[in-house]
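One structure is given here, and the rest of the page talks about it.
In order of appearance the chains are A, B and C, and numbering begins at 1 in each one.
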């Protein structure tokens, strides 16, 4: 099954490719690796902002992490022409805007990791860093970057 | 001398390969680079948790960083069959669960860096990022990821 | 125009290659990628320290980000012999020592990104992560690492 068919099966559609919020580009390819910029959980009027778990619950932050994967995959599709050309999700860096006494960052970032597995199966299994940071750009609740291997 | 012999000489043994705490894998190989997930200073009942330097001293956090290197190398050995197949430790990312007025993160992460030099010699010389973050998964005091080049 | 000529045109000079503040090296090359360590905004007596925006303004932190690019490029020049051998700035990781309610990290890191574009043109367009962290080594206001592709 193509990845586009799999997205449909999961009831998912990719958003418009987001514009970077500053002086950089969404993606740089070096060899067969795509290095994606950190993405934020913003889609049109929908913006998931504030600290976890005070301003946003773990569940809301998980959904934010899913949103970011969809906007990162929109970039990958634009870059490769088709998501079928993804050989492997190599690594994921997840940053959670975190209260100093919040320790469930893995659960938040699982929103992203689980979705990658659902979409790509074994090719979606990635290495990962998850940390809690003091604050994120534009008060985003989550920021995620990816390194993706092209076929 | 083999790296296993060097570990013995240093009186070190590698722990069991740790289970990832969430939906990801310990290591993804792309080309000749191993991308390791962020590791935590947990080994059976021993868990180094809390902020530096209030909950854990610099010395205790250095020891935590050493623990993580040992559990990361257990993963590398599993992946490559032998640590003798390590060509180079390319890069290390070190995150310290930090009070906002703590600035000795380099000393903490030296626990990891010094151990890599002791074990691998010149092959262990790596580039590095060290930062202090608001909080880490499961209240870990330190999280470290590696990129390793295989021979 | 050579990059050295471009630096002159911009009125820029690169500092001495900085000594790492701990047990690591400034740069590791793996294949055609240079992995640079995180750099700090320190140049001789000049040290930009403290949190943004309380201890340092956004503008001062932008200037700190520029300082780091210059000291990172000094390392790249040492490694490659000439900055003309830079094929692409692949990725940039920017960490800002951030108050928990500061959200303009992209503006700070633009100090680095804009300078890379000024110096390298299209080759300077990079992917990027920008986050706000609890504290940085030696109380630096900004830390930046790069991955650079050699020609």
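Here is the rule we go by: a residue touches a chain if its C-beta (ideal position, glycine included) is under 8 Å from a C-beta of that chain, and two chains touch if they have at least 3 such contacts.
From a predicted model like this one, the values you see are computed outputs, not experimental measurements.
Engineer: More than half overlap in residue numbers between the two sides of the chain A-chain B interface, or less? Answer same or different.
Structural biologist: The interface of chain A with chain B is built from mostly unshared positions.
Engineer: When the CA atoms of chain B are placed over those of chain C, what is the turn angle between 0 and 180 degrees, to the nearest 5?
Structural biologist: The best-fit rotation has an angle of 120 degrees.
Engineer: How many angstrom lie between the CA centroids of chain A and chain B, rounded to a whole number?
Structural biologist: 25
Engineer: For chain A, give me the residues that contact two or more of the other chains.
Structural biologist: Counting only residues that touch two or more other chains, chain A contributes 31, 100, 133-134.
Engineer: Using the touch rule from the top, collect the residues of chain B that touch chain C in their complex.
Structural biologist: Touching chain C from chain B are residues 31-33, 88-92, 98-107, 109-110, 113-114, 117, 125-134, 147, 149.
Engineer: Residues of chain B touching chain A in their complex?
Structural biologist: Per the stated touch rule, the residues are 20-28, 30-31, 35-38, 51, 93, 95, 100, 133-139, 143, 145.
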